[in-house]
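Next come two complexes, and both contain chain A; in the first it sits with chain B, in the second with chain C.
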Partner chain A sequence: MTFAERMLRIDRRIIFLVIGLCTLVPLLFPVGLPIKISSEVRGVYDYIEGLPEGSVFLLSLDFDPASKPELYPQAISILRHAFKKNLRVVAMTLWVSGTGLADQILTQTAKEAGKENGKDYVFLGWSPGGSAVILNMGQDLYNAFPADYGGKATKGLPVLAGVQNLRDVTYAVSLGAGNPGVEAWYVFGKDKYKFELGGGCTGVIAPGLYPLLRSGQINGLIGGLRGAAEYETLIGQKGKAVAGMDAQSATHLAIIVLVAICNIFYFSLRRQQRRQDGMGS
Partner chain B sequence: MELSFSVILGAWIATGLTLFILSFLYEDNPLFKLAEHLYVGVSLGYTIVKTYDTVVMTLIVRPILDKGEWSLLIPVGIGMLMLTRYVPKAAWLSRYAFAFIVGVGAGLAIPRTISSFILKQIEDTVRPLLGIAPGGGVTFDYSLLNPASHLNGIIILIGVVSVLFYFFFSVEHSGPGKTVARAGILFLMISFGAAFGYTVMARMSLLIGRLTDLIEFSDASYGRPTLWLVLLTVATLIILSRRGSTHPPNQ
Partner chain C sequence: MIFLRRQLPLLITMITGLVMAAQYYVPHPASEQLLTTVTKWLQIIGGFALVLGITSLFHVHAAKIRRKEAGWAYSLVLYVGMLGTVIVGLWNNGKESIDGALTSFGWVYSYTLVPLQGTMFAILAFFIASAAYRSFRARSREAAVLLVAAVIVMMGRVPLGEYILPLSGDLSSWILNVLNASVRRAILIGVSLGAVALSFKIIFGVERSYLGGGKE
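Let's turn to the complex of A and B:
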């Protein structure tokens, strides 16, 4: 068996090991590669940056722990930014399995920023119905969420003063890992109730959301761990996403090298076989 | 910093289950199956408890008992009709519930989806060539003097048209049509490549997330669960593979 043949039949566990090492080593010994800010991430940042104090900012954390590595850093960065700008934060989730995680993220960032529950922020929790919840909130927010996550009545909360429905929301961001997520927020929310919408998502669904971004249906998109790292850089608070970017770059490089090497071996083997076939005939 | 017992226990469980799941990369084994079943069970159990608490107790039982909102019994009744699927003689009643849900769902979704995903996207595709005139109506505003100004829009227009033509099977793809269809294939390949690239990035991000946690839990304040559980997992895999090799499969 030639070297090329051996490489093409390589045990897949060796490839797993290479990828594992390429991820682990940069995490243990970070290099700090530069992070370039893309226009789509800047779209969300600039809009929040331009909001006056006390504006109503709705953050829908539409994901569960399975998407935590990508969307958790995004949520933390956006909340830090919103609290720094003294916006009134209204958080919720359309995913029942993500309720506990969403509550933990909001509580942690609010505590860090010294914000008070009910006055500066509220976590509405989850309500059944998926996309129908958005429509219900568009009609009457208090009908969709009569009580917040802690069971306190939402009517009369200082953070919701002057807010009756989604038309009173200044800016909304959905951090989605699937459906319902950013698309549902556009179709049943922004398109009907006319508020500005931004998005954040996992890498898997990002290509599907770019048409919405290009057409201006959403004003910005934070895609995957890379998007989170860009946002962390923008707010000047580097966290888990920036720490992971060296590993991300190293694994991508490893995959590109593996794909290139395997193609070279494949074509050289094919040429060799053709030459042998030619000699045989 | 002194950590509470629950945090330390959580770290040990998270580390153990992560390593058990990752052990599948070596081979399918009982540790992976244990973690997989636990994951499915716990997430389902969490969903059931949360749904019961939020829907049944908060949105139905308490408003009825505390505030006397008896009108809530109407949607509850419609919902209960679905359960008649389990009683063959009364299963026909469930059709009323399904008819209501399908009707409302389709009525809400169809116009909004057409507006958001079809009309808006068509509008965006032809925007480089056409514009809205000040007094209303459509006008041709493509600048022939500066084609580069709308380069992205033109590429997208060519892409959309050629891909649509590729999926148009009523005419034979020959002559100039073949060139357009081939351009469509090219655009599809680029789109699949971009989607695959993003998918790889997403999967790597998940691996980075897990490894970050494993590094964090290798700290002495947690009792170094990563170190001990890696040893346990590797030892178990060695024992399992040795035991497997002594019993060759039946022919």
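Let's turn to the complex of A and C:
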């Protein structure tokens, strides 16, 4: 076996080690490279920034712990921003396995901002039905969620004063890791009940949501850890996403170098084989 | 009996399909009330679907354990995990925390489900790197184009990439906003037209496979 062949069949544990080191070292020794803000993320930020105090802001945390590394920092940043702007926050989830996580995120950020449950924010929790929940909320929010996550009746909560259905929501953001997520909120929510919608998602599904962004069906998109880092930079509270960007930079670069090495050996092997074939004939 | 098994479901599907399609264009309070009722029913059916799914999962894994099929121990772990979580959940009335303190159900969620799902997600990065090394080769002109685009997007999505190659950020943005969005839109339009056509076929009883037993 030639050197090129050996390199092409390299033990995958070596690759795992390289990726592991590229993740760990920048986390231990952060560099803090500057993060450029994209227009997609600025779309969400600017809209929240422009909302008057007391506007109804709906945040749907449509993800589970598997997407926590990317969507948790996004949720924290958006909530910090909304609380700073004194918006009335209505949070919920369409993913049953994400309920606990959503509750933790909301409780943590509300406590940090000194906000009161029921008065400044409410967590509606989860209700079965997926996209049907959006339609039901669009018709009557109290029918879809008669009680909040803590079991308190939603009717009469000061945070929901004047809110009957989704038509009374000023701005909604869905942080989605799949279906139901941003697309479902557009099709069953914004399109029918006419409120402004923004999105956040994992890096993997972000390219799939660009058509919605380009056509104005969503007014902004926070994509993956990079999007979260941009939002943290915009609100001036650097957190887990900014810290993770160094590690992501290193792993991206490592993958690029690995792919380049693989191609160099692949072409050298192909040239070798062609030369041998030429000599043989 | 044939009427109850075939004609009646077809009739219900047709009437419901046509009424709900028309409902979208009728803003009358009665029409809105109909939508409210139907969506409430959809939510109830969604709840039943969950029960059906869990029951089916239990059956599949029970059969695996009974027959001692390969990997039956994993099915046992699933049983223990699922039943254990259900019992703990019922014990705590489904509450994960009370006055900020974690309940045992919350403990199971925070210290079992969250780390396990996080680990699965993290492992993905290692496998992607390994798979990229083994298969991302410029074997043809098309593969080379894909390779170059992928490298630019990967560079443009991280600060270090933009620092090394300042143009990569704008290029990556252009690839995502123009090339990717237009292709995705074409696919979406195709899929949506297909969905509309299928919906019509179901409403008018042409497509009957959802009744079981395939087309007749």
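In this text, the second predicted complex is superposed on the first by the 281 of 281 C-alpha atoms of A that agree within 3 Å, B and C clash if a C-alpha of one lies under 4 Å from a C-alpha of the other, contacts with A are read in each partner's own complex, and residues count from 1 in each chain.
Simple rule for what comes next: a contact is a pair of C-beta atoms (placed from the backbone, for glycine too) under 8 Å apart; a residue touches a chain by one contact, two chains touch by 3 or more.
From a predicted model like this one, the values you see are computed outputs, not experimental measurements.
Novice: Between chain B (first) and chain C (second), which does A:Pro69 come into contact with in this model arrangement: first, second, both, or neither?
Specialist: So A:Pro69 meets both chain B and chain C here.
Novice: For A:Pro207, is the partner it touches chain B (first), chain C (second), both, or none of the two (neither)?
Specialist: A:Pro207 sits against chain B and chain C alike.
Novice: Tell me the contact category for A:Gln217 with respect to chain B and chain C: first, second, both or neither.
Specialist: The answer is first: A:Gln217 touches chain B but not chain C.
Novice: With the two structures laid over each other on chain A, which partner does A:Leu27 touch: chain B (first), chain C (second), both, or neither?
Specialist: first
Novice: Check whether A:Val187 is in contact with chain B, with chain C, with both or with neither, and answer first, second, both or neither.
Specialist: The answer is first: A:Val187 touches chain B but not chain C.
Novice: With both complexes superposed on chain A, which partner does A:Gly239 reach: first (chain B), second (chain C), both or neither?
Specialist: Neither: A:Gly239 stays clear of chain B and chain C.
Novice: In the overlaid three-chain picture, which partner chain does A:Ile35 touch, first (chain B) or second (chain C), both, or neither?
Specialist: Touch partner of A:Ile35: chain C, not chain B.
Novice: Between chain B (first) and chain C (second), which does A:Gly118 come into contact with in this model arrangement: first, second, both, or neither?
Specialist: neither
Novice: Contact-wise, after the overlay, does A:Trp126 reach chain B, chain C, both or neither (first, second, both, neither)?
Specialist: Once the two structures are laid over each other on A, A:Trp126 reaches chain B alone.
Novice: Which parts of chain A are touched by chain B and by chain C alike?
Specialist: On chain A, the residues that contact chain B in one structure and chain C in the other are 16, 19-20, 23, 64, 68-69, 97, 99-100, 127-128, 132, 135, 192, 203, 206-208, 211, 214-215, 224, 226, 248, 251-252, 255.
Novice: Flag every residue of chain C that touches chain A in the complex, lowest number first.
Specialist: Listed in rising order, the residues are 24, 32, 35-36, 39-40, 42-47, 49-50, 96-97, 100, 106, 109-110, 113-118, 120-122, 125-126, 128-130, 132-134, 136-138, 147, 151, 154-155, 157-164, 169, 173, 176-177, 180-181, 184-185, 188.
Novice: Quick one: which bits of chain A touch chain C in the complex? Just the residue numbers, please.
Specialist: It is residues 8, 10, 12, 15-16, 18-20, 23, 33-36, 38, 64-69, 97, 99-101, 103-104, 107, 127-130, 132-133, 135-136, 139-140, 143-144, 192, 203, 206-208, 210-211, 213-215, 224, 226, 245-246, 248-256, 258-259, 261-263, 266-267 of chain A that touch chain C.
Novice: Name, in rising order, each residue of chain A that touches chain B in their complex.
Specialist: Touch list, chain A to chain B: 13, 16, 19-20, 23-24, 27-28, 64, 68-70, 72, 96-97, 99-100, 125-128, 131-132, 135, 146-147, 151, 183, 186-188, 191-192, 202-204, 206-208, 211, 214-217, 223-226, 240, 243-244, 247-248, 251-252, 255.
Novice: Mind pulling up the chain B residues that touch chain A in the complex?
Specialist: Against chain A, chain B makes touches at 25-26, 43, 46-47, 50-51, 54-55, 58-59, 63, 108-109, 112-113, 115-117, 120-121, 123-124, 156, 191, 194-195, 198-202, 204-212, 215.
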